[in-house]
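In the two complexes that follow, chain A is the common piece, with chain B as its partner first and chain C second.
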Partner chain A sequence: MNFNNNKVSAPQLGSIILLTVVGTGILTLPRALAENVGSDGWLLILLGTLLSAAVVLIHSHIVKSFPNKGYMEIISTCLSKPVAYIVVALLVVYFIILNGFLVRLFAEVVKLFLLLRTPIEIIIFSLLLLGAYLARQGIETLGRLAELLIPIVLVPSLILFLLSLEGGDLGNLYPILKTPIPNILKEMPTILFSFLGFDVLLIFGLYVNKPQKIAKSATRAILFIGALYLVLNLSVIVKFGVPQTTHLIWPTISLFKTIDFPGLFIENVEGVVMGIWVLIVFMSIAPILLVKVILLQDLFSVKDNKCFALPLLPPLYFVALWGASLAESYAYLDKFVTYTAPIVTLGIPGLILIVMTFKKKNKKEGEPNA
Partner chain B sequence: MGLWKKIFGEKKKEAKAGKTMPDKKLDKNLETIKAMLKDCDDIVYREFEIGVDQDYKAALVYVDGMADKILINNFILSTSMVATRIVEPTAEELKQQLSQHMKDHTFAVTEVSEQETMEDAVKFALSGDTIILLDNCEKIFTVGSKGFPARGVSEPVTEAVIRGPRDGFTEVFRFNTALIRRRIRDTKLKVKQMQLGARSKTDVAIMYIEDVVNEGVLKEVKRRLDTIDIDIILDSGYVEQFIEDDWTSPFPQIQNTERPDVVTAALYEGRVAIVVDNSPFVLIVPGTINAMMQSAEDYYERWSIATAVRLLRYFAATLSLLLPSLYVAFTSFHPQMMPTQLTLALAVNREGVPFPAIVEALIMETTIEILREAGVRLPGPIGATIGIVGGLVIGQAAVEAGLVAPLMVIVVAVTAISSFAIPRYNLAIGFRLLRFLFIFAAGALGLYGIMLSLLLVLIHLASLKSFGVPYLSPFVTFIEESGDIGDTFVRAPLLSMNNRNAHVNPNNRNRMDDRRRENFGDKEEK
Partner chain C sequence: MMLTLIITLSMFLTACWDKTEINDRAFVLALGIDHIPPSEQPKEDREHKALEKVLGEHAPHYRMTYAFPKQMLAGGEPTVENIIMSSVGENIYINERQMKARVDNQLFLGHLKSVVLGEEVVKTPQMFREVLDALEKDPLISRKVNLAIAVGEAKEVLNVEPKQESISGQFITDLFMGEDRTNRAPVADLDQLFISLHDNSNAAIPRLTGAEEELKLGGAAIIKNYEFVGWIGELESMGLMILKNETDIFVVTINADGINIPYQVTEIKTVYTIQQKDKEIKMLIEIEAEGDIVQYFFDPEEDVLDPALLEKLEQEVEKKLQGIVMHTVEKLQKDLETDVLGFDTYIKRHNPDLWAQVGKDWVEIFPTVEVEVVVDAKIRRVGLTK
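Our next item is the complex of A and B:
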């Protein structure tokens, strides 16, 4: 038995991935889908889930093929050392920007629904401090916290979904398959954005105690997220219909706000929703903070990474307050993600995969000669 | 002692550092002991002579009050003084073996041991045994004659149950190990003893089931106990604070119990028990929050009832942590989030209260904590009076004076009662402390503050480990080891608890074979 082993189990990694991804996408997904593909969002979600699952399989394959190697080591093995330094440094910047914008979105929601008169700076700062605290505790704590929070978050959410079904109109789901296929393919980035965050797998894979189980747990997490998005999307469309959904800023919260069972004293579940919401979003921000800490540790090749948690806060804080308004932040984020996310989630791992297969081939061809 | 060592230290080859070896002469030995125990007027020295002609000198030394005088009189003194006059070892070779003869034929007591050094012998005497010195003999005997005043076995005060055994641990180390041993007729129950405390030499025993225990934990317990370096150990609380994983945490990471049945059950879960002399609280490691939320009774009642009670307990724990802060958050930040009727009722309720909700909550919570503390110190009947006076009179008066809202009194009362529904006092006190953090957070940031504090507490709890086992087990490993959920906020039927909890990582997980089918037919099929 190891007393402080700095390891997580594969299901814990799955939980981390689930919470990281869900926190990003759940807020605005139904609106984005309704705007772009009308009532055919479910099809897009299905496609997105399958695509993400495929990418996750690639990621887990890479992690599995390099046991006991961090992401930076993997990159430097495949793409040479200087490249690794540059890529990892850029990754840190990428994650800072991504994380910063998410913090901003989250803070805006909190301000709107919970703390109208509190300055947004305080909301952001308190959240970041807590995230730094978790990052200092390390991956083991994060893994356990994620597994603990899974039922705490999911059980009430499912109950809320059930309650919100009342008063919906299934007719809102029609027409089916009206959107032309090119349009659906064009909207793939939107849906992929909702799945963003599973790339933490590449960095956390090193810390899983049974690497051969990563693929199973991670794919399960992605499928689960897909199912959750599907339920969410369908519930929102059934409840509000496509035209109304496009005008909601936060469709998920609006959905839960409609829950009303006066006889059962369930008149206003906003408190519960916001409570769960804080948990979910924190758990999508904190793992990425830890990812940055680990990347920085690799970059500077030091043993203890605790010292990196706090210095990360000022840049994050700065990015979070970048946009003058919510809409502006959203626009920045959208642009940023569209250009960079495919490179990070697909480009670099794809390159690694190609180099890997070539090296393997070379080895196989080389062996008989030698 | 320095002089003694100077003269005889070189002669004794096996002399240990700083220890005095016994001399052949009785007088010398007696002098040594008297020098060690100088100014200790509670020591009894009894010199006597044995043999037909009373030509062998002997002496015994014990601490008055600590040793059993009847035993000494009847089975040491009378046998050596009277019996040796009847049957005397006259033969020359027997004279040489007087000590062996005395040990084998004269002392009619069960525990006789030989001590190598004077220091060891005196240590035994100070724990209630009797030292016997013989002339012309380099051996020192100690005879087990502990007979100090002790409280009898009585019902555990802090862990009362309605159904279940009523015996509880006492202050006597040996009684406590016996109470555990009495329940387990298993050769695999091991008791490893040691003495801790440089001066107090307190007896400490590690108890475990050899083929069930988590060996990593056992090794770690031994290692950590060996690191303890303090002059005296007064209670198992000392040991607990020396060996716990995180001393900054408000949560107890080592379970303590007054109940032998709880210890026994824990031993068979693969845990390790630490019994400390002078303390009726036995430590159990590794401690998990789940184990501390359980009561022994849960296993003696039928599973459905036990499950309901456990769910209630977890609910109460949540209430005791969150209720006052939720009141503060909802009244001062989010009145729109409550049902309209409730908001209106609350508004009427709070009309005329001169303080913001947070001040109101702090006043009442502090008051109730003072009452609780006062109640603990006061003798039983007065304590109950304080409860009534505090709870009813002060609450009522505060409401009538318009200082607090009636709802606040209800909130505080429910919170206080809820915190007493947590079975472990030291865990409940952790929750009570954190409650104030939550009140402040709610006063500053409303519901958002509460959720952040909750996350803070959860992160801290998730980071805690007790002897290598995560403190929140099995809630943090439930996907892999879903069987463990059967003994958490639910209590599965005993019939289905075939395996020991995986999170403790016992050596042997099988408790029993699944016989539901054979015993109950198809009714109980899984």
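Our next item is the complex of A and C:
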């Protein structure tokens, strides 16, 4: 393995995390929040950001404590080898399913807005092929691409957000803090799922050249995502108000449909929006694909992982086409994520953390005697 | 491996299911939708009786009128023709398909500018809701499209060829646009209407009246629970726009000592406040206006810069504005009994506890709400002479 071609810097990892996370939640989050907590969505986003940042700190602490060890090795050190095999195998399945749903969502939106007559299978397949190509190039390419894409994605999005505010009504943010606390707690999972994807940190941590910087970059990425979600949610609510938002499947896209800037050289900015969004989703699918490739490499303990990228496509393709309709896919995804995501993001790292602290204690207690 | 990958990829990239050349598209600028009562339906449609037994009864009661410009190459000089075509069908999309058999270009709604609904459409709530949903669901139709209700039939309005601009779709759009757009009809693009209708199923939609060679945008149709309940006039529309903070520059005429004085409002702001005594709800509407006297009287006996006179004139303006607004409120409360004033939204936002009590019966409570209008008008400038 060429060592030079396999390292990313901590900011690059942050960029990867940012793009991976944003791709999953950005389209539906405002609606989910409006449906359940009305105009108080911003509060949930704040809480969710803080919570995710805390979890990310745990993740980066784990990665930092085991320098030069992959996730599989970390698990086997802490929880014994057979457990590691099972956990990693399940992780691969988990990521395949998560990724598959994301691919489906992407394909549905592209088909609806851009390619009316193109068969959905072709849209999915071409996207997957491109993702596999990127995964074969390894993490360094991915890191560089992420770093490169962030300004390309963010600058136009921020301009579009500003343009979309024209004609909004700040009064839509009222009433403030009128949601009962139990409702807010009940909605915590929704917001946490929109941060889903930062767990790639556990797998990619090994490839960061300065592990002590991971925590800073990763939390910065999470805080940035939180700010982005906040801006997004506020603009949607200010523009549409709660009752209208609950009726929009993808409020974010509809938001951009309302932009009408006199003198703007293009009339409908959907083209630009879709372009940005394709980049975001692609950068959300590709890292997860690479995660699976790395996990499989660990699982079979082989030196070269390039051979795993293409065989992953057929299962992904089938998961993507699993749901008969968009509604069914969303329902499956919701159920799946509710049960598995807490285990993956909190359960396993939590266990590792507990074992780590015990071992440390033992070590400390053992040292004076030795 | 790399080579095969590239070859496969490029193979997929060559496929173009959705290719359309731009000159093969007909850019529909205005869309008219009419409701046709069954008795008026053309006879030949009834011939499909046998088929209807199999497919179920779907009376084709939609008449869609498409207005699009088409470039004609006649004798070297390209001219733009205004093309208007209609089709009758069961719903919007059937019509669109039927039209494809009669138009050589592909009808494209991505640049649609305005939709005109016939009066009958809003009088049929079922159909009105069908139309609204079709417009909201369509990924191509922008939420910035303007919507107007035609007096009579939408087809008639679209068929008017205005003197000033032969492309009627463009003309209707221009009526809605611009700095100096009329303040005698409420602002309404699809976005605002959807928000309003999702909120309380009421809305005020601009009225479009067609004459021989002219079109006029003024007044509004009041929709209550997705059903047309009545028109409001141009002055009442102005009152509505004042109440909803949707207008800034307009002129009212006041009369002082037998002189007609136009007062040009340059800034106006309305604030609602709710005053609640037990179960009685009272709405206090405070309006602050600023403006100029644009004309007074040649060689006047009185000095227009005299503060005492200005104060007198300000009082006249206040009386006038108060009258317009109060009249609008009364018409909406007593005659039409429809809350398009945003009272409900205001209570929902600023007094959610009260809304929890009155929200259910708001339709009955709204006409009984006591309203007080307080206007504070300022005259800032008087032009070049005194």
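The working rule: the second predicted complex is superposed on the first by the 364 of 370 C-alpha atoms of A that agree within 3 Å, B and C clash if a C-alpha of one lies under 4 Å from a C-alpha of the other, contacts with A are read in each partner's own complex, and residues count from 1 in each chain.
Just so it is clear, a residue touches a chain if its C-beta (ideal position, glycine included) is under 8 Å from a C-beta of that chain, and two chains touch if they have at least 3 such contacts.
None of the values given here were measured: they were computed from a predicted structure.
Q: Of the partners chain B and chain C, which touch A:175 in the superposed model: first, second, both, neither?
A: After superposing on A, A:175 lies in contact with chain C but is clear of chain B.
Q: Under the stated touch criterion, which partner chain does A:134 make contact with: chain B (first), chain C (second), both, or neither?
A: The first partner, chain B, only.
Q: In this superposition, which partner touches a larger number of chain A residues, chain B or chain C?
A: It is B that touches the greater number of chain A residues.
Q: Once chain A of both complexes is superposed, is A:115 in touch with chain B (first), chain C (second), both, or neither?
A: Both chain B and chain C are touched by A:115.
Q: With both complexes superposed on chain A, which partner does A:126 reach: first (chain B), second (chain C), both or neither?
A: In the superposed model, A:126 contacts both chain B and chain C.
Q: So in the superposed three-chain picture, is A:247 touching just chain B, just chain C, both, or none of them (first/second/both/neither)?
A: second
Q: Which positions of chain A sit in both the chain B and the chain C interface?
A: 114-115, 118, 122, 126, 130, 133, 267-268
Q: Within their complex, state which residues of chain B touch chain A.
A: Per the stated touch rule, the residues are 214, 216-217, 220, 330, 333-334, 336-340, 445-452, 455-456, 458-459, 462-463, 465, 467-468, 470, 472, 475-480, 505.
Q: In the complex of these two chains, what residues of chain C are touching chain A?
A: 5, 8-9, 12-13, 15, 17-18, 110-111, 136, 139, 142-144, 189, 191, 194-195, 198-199, 345, 348-350, 352
Q: Could you list, by residue number, the parts of chain A that touch chain C in their complex?
A: 112-119, 122, 125-126, 129-130, 133, 167, 171-172, 174-175, 178, 239-241, 243-244, 247, 254, 257-260, 267-268
Q: For chain A, which residues are in contact with chain B within the complex?
A: Residue positions touching the partner: 1-4, 9, 11-12, 14-15, 110, 114-115, 118, 122-123, 126-127, 130, 133-134, 137-138, 140-145, 147-151, 262, 265, 267-268, 270-271, 274-275, 278-279, 282.
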